[in-house]
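The chains carry the letters A, B, C and D, assigned in the order they are written, with residues numbered from 1 in each.
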Amino acid sequence: MLQIQNLSFARGKNVLFENLNFSMTEGDAMRVTGSNGSGKTTLLRIVSGLCRPDNGAVVWHGAVAQKNESEFVRSVNFLGHDDGLKKQLTATENLKLMLPLLGASPTDIEISAALDAAGLEAVKHKPVMNMSAGQKRRVALTRLDFMRHRVLWVLDEPFTSLDVSAISALVVKLRAHIESGGVLIFTTHQDFDVVPEASSLSLD
Amino acid sequence: MQWESISDFFAMGGYGLYVWGSYSVTALCVVIELVDLRKNR
Amino acid sequence: MATFFFLVAAILTVWGLYIGFFVAPTDFQQGESYRIIFIHVPAAWMSMLIYLVMSFWAAIGLIMNTRLSSMMAHALAPTGALMTFVALWTGAFWGRPTWGAWWVWDARLTSELILLFLYIGYMALRASIEDPRRGDRASAILALVGVVNVPIIYFSVQWWNTLHQGASVSLTKSPTMATSMLTGMLVMALAFWMYSIAVSLMRVRRIIRDREGNATWLSESSGVQ
Amino acid sequence: MYKAFISVLRKELLLALRQKTDVVTVLFFFLIVSSLFPFAVGPELNTLKIIGPGVIWVGALLCSLLALHRVFETDFNDGSLEHLVLSGEPLTVLVIAKISAHWLITGLPVVIVAPFIGLQFGLSAASLSLLLGTLLLGTPVLSLVGSIGAALTLGVRGGTALTSILILPFYVPVLIFGAGAVVADLQGLSIDGHLSILTAMLCLSVALAPLAIASAIKIALE
């Protein structure tokens, strides 16, 4: 389903990774590890089509991703370090205006239900600016509930600033995604293994 | 040959300032560029 | 290779200046001041030609993702800016005796000035982006946007100039060119061209060394260094 | 695609409503810049009448430059710019949505206010309406072309100053024909040439600018 063929990328003179090869099919999960600056985020951005590698290719369903970019990008759900939320808008407004962009158009009820499930019912109508980092991350992660139509989930540090209950809730969502035939690639600094069945790729 | 003498050549029919002004600046720019390139070869 | 072009440039310059100062007759209308034409016009031509070549290399670098062509575009910009400055400076020095003013809003001089701004913009953008990859491609886009706009700018300045001032004596409408004047100018243009190639080749080698210090393909191609 | 276009537009307009400061600062800047000139040039109307259109046009141009950082910078910093690329919708269409929202927020108010400022320069009603017309045609071009500079300098230090260096040369033709139309009209010359060229520039920039902006954004996000 997803093949990475001798991918290499160098930032200026230091080579981040070279001739990287791996492939993943439905239900696979992979955790990318490595010290800071080892190129984890760059690899995730290349895999999700945001960044072009120096050489090598990302192959999705047998077709090189860069060739039919819009097809490939539509099947990728990338979540970066930043939450991508507008501080002046409320959590509900943020989701309501962001999701149509990513191919989902939930009703207001579905959105507020998802926010309640994430334990945000108290703050969901208040501007995001006066939320804590953990709450903002949860709002951003609520997006995952509506990303079923995007098979390849690429999550960069999804667990940062989450408390224990939010971490376990997220693990449930990730497992559900894998069991439903999705593909998951993520990075995390959590020391314990949050998704045990995930294979591991180290960039150090 | 146009010029009777060297001084006539530099006078350039009264336009010496303008003609030599432009030629010298051009030469200066070329020299600056070459020095810059030569400096950190 | 660069030294070869330097030699040719030097020979052509000497020959061109010889024609310009010793063979070409005194101009009946402008006297001797027209001799500035032997560097003004070649510099103006080169400033335009270098911008086009720079944008060509930038486009190749952007589309084919080849680093060498972006570096070539990067190497050409300073020489292009220098040529534009020389064209403006010599234009002003020539304008002073002929039109009586250091700066005249003649259509060509004005678009030359804007071309200088384009070069400065290109180099400013290139200098302020640290990551060379992004620097290459961002400046390539700027160069391409510039290439699309250069004709627009030229014609709007032409229209604006004729609207306000009426066609002033523009440079090429100067007295019919005696053959020796023309050959002098063409030889000098060729000399400037050789010079630009030589300088750009030297600069591109330095850029390659700065940026790809350890890349394997570098050592083969410039083993001679 | 249509839904994505609308949601980008609504998001920008909602943001502008929540944060009115941007619109207000641009308008005050426009007002102040254009009313400085009478102090510099002297109050008699016949000189003001000649320089009026030029001053107002340069004022509108500076306002568009001032507001340019708003187009992509905030989205680039909080990570929502990635959603545009990740959506899979043609990026050029989403870019047009963002720029039209930007123009509605910062360009249109300037165009509406311009005739009133024109009164300061003693311009007649006819040339004021022509000024309005040229600004209506010209300011979208300023926003479109300016956004190329904004996209190219995303995340680069000294961004706004750098953007103006990059973009001013491309503003010259718009300024020539925009201000030139009003001046030509004052001199009784025909202005259909000016207006048709301004419209041509508008069509050209609507067609080409988003392409350059889209690739500039993709590069900035690498």
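The rule we apply is simple: contacts are C-beta pairs under 8 Å (C-beta built on N, C-alpha and C of every residue); 3 or more make two chains touch, one makes a residue touch a chain.
The shown structure was predicted, so the numbers you read here are calculated from the model rather than taken from an experiment.
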item	value
Comparison of B-C and A-D by number of C-beta pairs in contact, larger one	A-D
Between chain C and chain B, distance of the C-alpha-averaged centres to the nearest whole Å	19
Mean-CA-position distance for chain D and chain A (Å)	36
Chain A and chain B: spacing of chain centres that average the CA atoms, whole Å	64
Chain C-chain D separation of Cα centroids, rounded to whole Å	31
Multi-chain contact residues (two or more partners), chain A	52
Residues of chain D whose C-beta touches two or more other chains	222
Touching two or more other chains - residues of chain B	none
Pairs of chains, among all present, that meet the touch criterion	A-C, A-D, B-C, C-D
Partner chain C, residues of chain B touching it in the complex	1-3, 9, 12-15, 18-19, 21-23, 25-26, 29-30, 33-34, 37, 40-41
Chain B partner contacts - residues on chain C that touch it in the complex	21-22, 25-26, 31-33, 35-36, 39-40, 43, 78-79, 82, 85-86, 89-90, 93-94, 96-97, 195, 199, 202-203, 206
Touch list for chain C against partner chain D, complex	62, 114, 117-118, 120-121, 124-125, 128-129, 133-134, 137-138, 141-142, 144-146, 148-149, 152-153, 156-157, 159-160, 163
In the complex with chain C, residue positions of chain A that touch it	11-13, 52
Residues of chain C defined as touching chain A within the complex	65, 131-133, 211-214
